[in-house]
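In the part that follows, the structures are each spelled out as structure tokens.
Below, chain A partners chain B and then partners chain C, in two separate complexes.
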Partner chain A sequence: MQELLLEVKDLEINFYTYRGVVRALNGVNLRINKGEFFGLVGETGCGKSVTASAILNLVQNPGRIEKGEIIFKGIDILKMSKEEIRKDIRGKEITMIMQYPIAALNPVINNGEQISEALIANIDITKNEAEKRTIELLKEVNIPEPEKIARQYPHQLSGGMAQRVMIAMMLSTKPSLLIADEPTTALDVSIQAQVLNLLKDLVVKYNTTILLITHDLSVVAETCERVGVMYAGDMVEIGELKHIIDNPKHPYTRGLINAIPSEKRTKLQEIKGSVPDLVNPPSGCRFHPRCTFAKSVCKQKKPQMLEVEKNHLVSCYLYDGQK
Partner chain B sequence: MLKYLMKRLLLFFIVIFGVVTVTFFLSHVIPADPVGAILGENAPQELIEKMERELGLDLPLGQQYSRYLKGIINWDFGISLRTQKMVAEDMRVYFPATLELAIFALIIAIIFGIPIGVISAVKRNQLPDSISRVFSLTGISMPAFWLSLLFILVLYYHLKLIPAGGRLSSGISPPQLVTGLYLIDSLIARDYIIFWDAFHHLIGPGLVLGWIQMAYICRVTRSSMLEVLNEEYIRTARVKGLKEKVVIYRHAFKNALIPVVTMIGISFGYLLEGSVLTETVFGYPGLGRYAVNSFLSLDLNAVIGSVTLIAIAYALSNLIVDLLYAALDPRIKY
Partner chain C sequence: MNSNNLHKKLDSWKKKHSSEISDIKESLFLIKRSPLTTIGLIIILLLVCVAIFAPIIAPYNPLEMHLDNRLSSPSKEHLLGTDELGRDILSRIIYGAGVALKIMLIVLAIDLPLGILLGLIAGYFGGWIDEIIMRMADIFMAFPRLVLAMAIGTALGPSLRNTMIAIALTMWPVYARLARGQTLSIKERTFIEAERALGSSNLKIIIFNILPLCFSTLIVRATLDMGNIIRIAAGMSFLGLGAQPPTPDWGLMISSGRNFLINQWWVPTFPGFAILLTVFAFNLLGDGIRDISDPHLRRGQG
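On to the complex of A and B.
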């Protein structure tokens, strides 16, 4: 039996904009086990990054968490005070790397100091030790000449190097969960694989769990053990990688997989229509306007998560009553 | 860095050369008659010619210009027709007065403007922000002369907290001249009575000018901080679990400083040459007032001297600002 690390229950987040209330997350459920490499997939704007922000309680104005629980190691993060989250969770237990590593590093503080600062803030360590440890960490993420890089500033790094610095920084405190929000999207393809492999190795070494957020199914296929697919603020399908890739159940997941170029397909299949405006989301199942299988019930009520096979959950009326 | 400095110094001299040249030709094309201004309209012809010879006004323009340039290089602007003293000597008295007031006002502007701007940005759209916006808006909108009158009315007339004007009270003589800044000179002479008196006289005009400049610095700080607080690296700092204070002052503030430093440079330049109205209302013997009075009495030597000195101070303050950029932001390399 695997140990549960993080459970997101019925999370609802709205953004109060001038245009109206954006219903960004519509009751998302998610369970991540300890030591797992979990992938969260979906199009831009489907709520992947908002979910990640919520886990760190860093949803920014005008966003508001309306409902739900985020249970980390048995404690509801959303019930903790701001100061408790800052002291006990952020940096220490949960960290995050981001899509644009150079923008994510402070341009006026040198790389080494940015890493040792994370160490000093979270671990009982002297400045001297932190500096030494920083060099070791930079070595671990395969940075050549770590002493020199530590003295340099972020603008002197390439994207791949900057992401390594971020990884070193965010793993420095040996967190239980590392959220990787599109960590390779902004990198060259040749560097992507290096960074992903590095992440894979370090996760084992540091005994860390990873929540990988991406829109790129091939990245997920290369790294993840379990995958959640999101669409327009809903979790539509969760399962093991092989379930999702070989036996997708939800019409949206099928559409995503069919849209990947492969030798078998001569013509790429697109998903008709476009992502709905979340100020005014479709009723019931949010995918129904684009779904070829839509029935009348799809417009009325949001479908429940159904277990179609072991550890494979789908939120779709197609499978209602099968079991 | 050294190469950049050399380049900047060269540019500095070119700017000063440009300013003095333009000033020279402007002062010769304006339809004014300095000799007439000195001798009066009904002066006999011989006297006028004699005076013109003395002032070198009978020489061809080219020769006048080269004499003029030579004079400036030797820091000799001739005699002020109004005060009957060497212009360089006059400026030795008036410029430190302005400098002292400008520095005093700038310090007030910085120590209030920056923290208030930061708080305003952090507490955006909340009560502290509204209060600070009222303060900065009034500082920007109120004319300096009116604010000066208001201060004299309230602080001098009603509350008797400050003297009405001037640089020192009538019974007190200036400290021995070292820097020309009374506050510093009196400290060197260990004469605390003079120090206190000079300080007292600075409060009125210093607060007026400081408030106005504070308003600008505050607004620039606020908008710059707001921009920086939305950056990804601020998010990173929060993800690291840093204290909010560290996030704001270490991670955000340093990045927000460049526009603020630029504004401070502009403020300083303004304080050096633009405080005429305040100086006039407070009867403060500053360079701005000296320049304006000289101009009104067609005392061209004094005008040229003042303009040159102000141009040098302005260019220097810009140079310092540019050098500060490199110290603040490692991405800027010279």
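On to the complex of A and C.
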């Protein structure tokens, strides 16, 4: 029924730094279906953004993709040449919006021109048509007075406005996949909801797919259909939103949910310990030093993904042999 | 009817470029607020006018000799006196303005594009290309500029064209280094990543995203260097490496007039003043432009 758009298989990325090899991604698996709103959650430094840049093959030095496959529409992106990826994938098939929208816009080019530039570069279109289309796009992302905003420069915009301009720019080429890397983190809470709702509407309107990266579970809860939870370079749990929120299986996911303030809880529970140093990651399951259920097997071998219920995968020995 | 149409067109043009127009207006306002920059700008504008309209303004032909009227002191006929060959010094200074400006413009026209190109390539691609370009720049910068210019000028043979080549060869590393430094910091910024995510080629990123941001820094540096170039060119001519007689060049005029400094002081002094005033004006303007391009001064954020 659902068509597979992107599959990340066993992706491993290392960063070769002065301190040693940072094992940023430790065999990540991920499947995103067409038309989905997929959320990727995790703490800072757990490898969410690295996964995103790997999908565009934009992992920066000193990072290196060690192994794995990124299959987009049936083709392994990592096997394509640099030039092919640039021409056929980036901008046309996959685009990305960033955390700090004002920094992500060129400060010396006015907003309208940035969007029409992107259009001209990726679609066969004349300059006049591109300018017209730009105004339409700005209207679609609910920008008041689009003609005026188009003539202004990025520093004259508020964060929310700039993020809308960014969204308009990245959707202008009608990509099949839009990666949103913490799109609302730098915005006010009231603007956050507006931007998220806008993204939700645009997924339907443009028939696109969104991979939303965030550290904020409430953002995920508001928008996503399926969620992947990452910890220290591992994908620990993937499932539909209701599974993750109402019935979290992995101890880490449970910890995250318990740390959200709510009326039911009088005292917030934090997860003991801190994120491990990825130069020397813990053996086996990377969560075991902080896990209250840790067994001896957890230290020895990385747990496999297990399907605990339909469409709900967990990587934890707690559920080994249960099924 | 026709004028109405024109008005409409003008209005829409104004609307379309409203931010550029307000930018220029703001720059003019900031220039007006700083009296020294205004003075510098006025002197330079006068100088440019003098250089362009030299044949109209100059009272005499700068090359015409009157051996019966040698070394005459300033008078009504010759406002700044005459030199050892009876040529009118004022006319020679007026024509000299054109020579000085021409040298400066040609040197910058060689150096700015060359330095920017090399700096962008070195900064953007890094690695061995960067090493080669920057070590070359280091070699050129290891010598004092005037000494190196003199050495190159001597090697090429004394002429105005060779002076310009010599000065240009000593100046490009400054621009290459600046452009490289700017590129290094700009290429790490988020909007470059966004541009990559949109599938832009390296060439497009360099030309549309990095170059425009380098520009303000390089323009400021170039205006600060304008005075320097004129000074060095005058120095080279003074030493006999630059302009050759009978070219009305300021450095050359000082050089040939220096024997008369005690008794006929006007011969070398007035060309000296011309150099002083010009370099001074360019430095004032350079400082002013540096202040104006400082974003903290703009938009009342300071």
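In the analysis below, the second predicted complex is superposed on the first by the 323 of 323 C-alpha atoms of A that agree within 3 Å, B and C clash if a C-alpha of one lies under 4 Å from a C-alpha of the other, contacts with A are read in each partner's own complex, and residues count from 1 in each chain.
In the analysis below, a contact is a pair of C-beta atoms (placed from the backbone, for glycine too) under 8 Å apart; a residue touches a chain by one contact, two chains touch by 3 or more.
Being a predicted model, the structure only gives us computed values, none of them experimental.
Partners chain B and chain C, brought together by superposition on chain A, clash. When the two structures are aligned on the shared chain, A:198 is found in touch with neither chain B nor chain C.
Residue contacts after overlaying the shared chain place A:28 against neither chain B nor chain C. Once the two complexes are overlaid on the shared chain, A:98 sits against chain B and chain C alike. When the two structures are aligned on the shared chain, A:236 is found in touch with neither chain B nor chain C.
Look at A:151: by the touch rule set out above, it reaches chain C but stays clear of chain B.
After superposition on chain A, the chain B segment that clashes with chain C is 3-11; the remaining candidates among 3-11, 39-47, 57-65 or 291-299 show no clashing C-alpha atoms. Overlap of the chain B and chain C interfaces on chain A: residues 56, 58, 86-87, 89-92, 95-96, 98, 100, 103-110, 117-118, 121-122, 153, 166, 169-170. Here chain C touches chain A in the complex through residues 16, 18-19, 189-191, 193-201, 204, 208-209, 212-213, going by the rule given at the top. Those residues of chain B whose C-beta lies close enough to touch chain A in the complex are 231-233, 235-244, 246, 250-251, 254-255, 328-331. The touching residues of chain A, when paired with chain C in their complex, are 56, 58, 86-87, 89-92, 94-100, 103-110, 117-118, 121-122, 151-153, 166, 169-170, 173, 179.
Interface residues of chain A, counted against chain B in their complex, comprise 56, 58, 86-87, 89-92, 95-96, 98, 100, 103-110, 117-118, 121-122, 153, 155, 166, 169-170.
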